[in-house]
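These notes open a run of structures that come right after.
Below are two complexes that have subunit A in common, paired first with subunit B and then with subunit C.
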Partner chain A sequence: MEKETLVFGPVKITNKYLIQGFNLINDRFGIKELLDDEVFEKIAPGHLGLWSCFGGISFFIFMMQVVTGLLLMIYYQPNIDVAHASITKIMNEVPFGWLMRGMHAWGANLMIVTILIHMSKIYVSGIYKAPRELNWIVGVHLFLLTTGLAFSGYLLPWTQLAYWATVVGTETPAAVPYIGEYIRYAMRGGEEIGQVTLTRFFAIHVCILPLVTAGAIGAHLVQIRRQGIAGPC
Partner chain B sequence: MAHATKFTKKKECEVKAIPYEEKKRLVREGKAHWFFPHHIVEQMVICMTIIMIMVTLSTLFPAHLGPMADPFDTPAHIKPEWYFLPAFYTLKFAQYFEFLGAWAPKLLGIVIQGIAVTLLIFVPILDMGGAERRPSRRPIAMILGGVGVFLTLLFGFLGHIA
Partner chain C sequence: MSVGENTESPSSNEDTRRWFLNAMISFFGAVTALGVAYPVGMYLWPRERKVKGGGKRSMKIPLNDIHVGGAKFIRFLNKPTVVLRPSETQVSALSAICTHLGCVVKFKEASGELQCPCHGGRFDSSGKVLGGPPPAPLVSFPVRIDGEYIVVEEA
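Showing the complex of A and B:
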């Protein structure tokens, strides 16, 4: 009698309990076909080269920022009186707090570097051309969203440098004709930078921009899947 | 053979439709890799390397925490992070246009940035070079891109030393 085998690409499973367990799930959700198509019988283009990795690396760093950011959020307090002290506590008392903050800060810098490398590669190889025009546009917006995340996150430790950089940064859009004053007012939540500013920068940094960025990344990836990898010139 | 030469340019759904035996042949001929385990292992090595770099940097150069904000004490030199230096210097650069009137510096500072970002967004539409993708055949795009990078780096450097 031939033994029952479950084949996942190069992996062959003959253990009957494992097969029964898998069938328990597969009979209900039909995941075998999905796993074959998306994992075990899937092929990826060979030798794409290091320069093609930077989009994926940027995405990975984004996910790392989400993880380290969530951990920092557990101890951080968005209050102008105690924000700085809460960061000091994260750095000095919280186990591995220094590491999470370090990785979050370095991650922000590295993410901008990797996005710029990714963008240069796409530009030089002409990958933004038809049919991928819209994906370039989504990508530029992703870069702008990243700078927005960097700008809003920079204020949160409520340091002298962050405060005054934000004063200059929120002053800039005030030069826009007609609506500039309103933009500045909306960014600061008033005439001056204070508690209201910190609260809205916190909301923007930990909720609004990450959600929008995640959505834009989704749109970016869906287009890549529909259009395929561009391949060499 | 059509599969073999052009499959990298195929859509996900088209790659999926390639028969399993054909996929095996592509892998044997070195034109493709298996997603599992080859590609996944490759991705994991890259991810681990990134984590390693981030941990090493955070350990050797820990995140700095400056003194607490004091709204009544304006520091002598306010400088943004490096990635905002080109934008920062654009504002300074616009001050050279003061001779146009009091309105000019502030408005031009933001208008120049707005134009730069708009140009970047509409690159695919502005590029008149057709479908040609090889950099060597797109001298205008390469020169304009180079000028853009040069100006950004120059403004960043000038912002750094300002």
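Showing the complex of A and C:
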């Protein structure tokens, strides 16, 4: 009797338990065809090189930020009296806490770099042109969301550097004519930077912006799939 | 199979190579998975050690280890701690972590003071701030002389 095999592109699975497990899902949702079309049998254009990878690298770093960020939330306390102490504890006492925080802090910086490289590639190669203008616009918003994540996360350790960076960062929009004062008031949650500021920056950093960013990344990827990857330029 | 064709079964050859590659992928995949799982598991696992019998942790140091007017640096509750003996019957136990920015203080025998090498914070033998930037006294632990020993206890 011929052995049952499950084929995913170059991968052949013969283990009957793996096949049974996959069929459990596939019989109900019919995902095999979708996986073949979109992943395993999908052929990437041959002209793609190193510079085409930076969007994917940025996405990978975003996922790392989500994972390490969730882990940091296990020990971080968003309270101005203990915030810095909780960071010190993560760095010095929690096993591998230095690794998680290091990855999160370095990832934040690297993500800005990889996104700028990605944007440069798209700009220089003229990939933003029709029919991909909308995706360029979504991409620019993704960059702005990333800087928003970086700015809101910067306050959380509640160090001198963090505090004064936020003083400057909330003072800058105050220069906008007519509404500047109100923007500063809303960002700080009052006249001064204090507990209210830390709480709202925390909520923005760990929940609001990540959700919006994830949604925008979804829109970015859906458009790439619908329009295909741009040809050689 | 036609005459002259290679009689060695190509499928068996390929199977061997396939087996080897699968084994390699599985092995390095498992190593990578462990390399991620170990730090994350260690990170998440609570580290608060339970004290047996619910009592407080304490540490005994021979009284002779510290001469009158001297001090001894020990590791208590896994943190740098200093035990001072300003007079024959007087002892104090202080956290050696400066309350300014967390450097470990040094003992100056000539003045009987604790001094922080980082920004010059000064403390007396009871932990009180004598000068410099520290905003608060050094954390002190309950301590007593028990016969031939000095006993330091968790606060």
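To be clear about the criterion, the second predicted complex is superposed on the first by the 207 of 233 C-alpha atoms of A that agree within 3 Å, B and C clash if a C-alpha of one lies under 4 Å from a C-alpha of the other, contacts with A are read in each partner's own complex, and residues count from 1 in each chain.
Note that a residue touches a chain if its C-beta (ideal position, glycine included) is under 8 Å from a C-beta of that chain, and two chains touch if they have at least 3 such contacts.
On a predicted model such as this, the values are computed, not experimentally measured, just so you know.
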Could you say whether A:Gly97 touches subunit B, subunit C, both of them, or neither, answering first, second, both or neither? second
Which holds for A:Thr88: it touches subunit B only (first), subunit C only (second), both, or neither? both
Which of the two, subunit B or subunit C, is in touch with more residues of subunit A? B
Quick check on the superposed pair: does A:Ala219 touch subunit B, subunit C, both, or neither? Answer first, second, both or neither. neither
Of the partners subunit B and subunit C, which touch A:Met73 in the superposed model: first, second, both, neither? neither
Partner chain(s) touched by A:Ala150 [first = subunit B, second = subunit C, both, neither]: first
Using the touch definition from the top, say if A:Leu6 reaches subunit B (first), subunit C (second), both or neither. neither
Report for A:Ile57: first if it touches subunit B alone, second if subunit C alone, otherwise both or neither. first
By the touch definition at the top of the document, which applies to A:Ile19: first (subunit B), second (subunit C), both, or neither? neither
Let me test your reading of the model: by the given contact rule, A:Val176 touches which partner, first (subunit B), second (subunit C), both or neither? first
Footprint overlap on subunit A, comparing subunit B with subunit C: 88, 99
Enumerate the contact residues on subunit C facing subunit A in the complex. 39-40, 42-45, 47, 102
Would you mind writing out the residues of subunit A in touch with subunit B in their complex? 8-10, 37-46, 53, 56-57, 60-61, 64, 80, 84, 87-88, 91, 98-99, 101-107, 109-110, 112, 120, 123-130, 132-133, 136-137, 140-141, 144, 147, 150-151, 154, 157-165, 167-169, 172-177, 180, 192-194, 225-233
Which bits of subunit A are touching subunit C when the two form their complex? 71, 74, 88, 93-97, 99-100
Touching subunit A in the complex, subunit B uses residues 7-16, 18, 20, 23, 26-27, 30-39, 43, 46-47, 50-51, 53-55, 57-59, 61-63, 65-71, 73-75, 78-84, 87-88, 91, 106-107, 109-110, 117, 120-125, 127, 129, 131-135, 138, 141-142, 145, 149
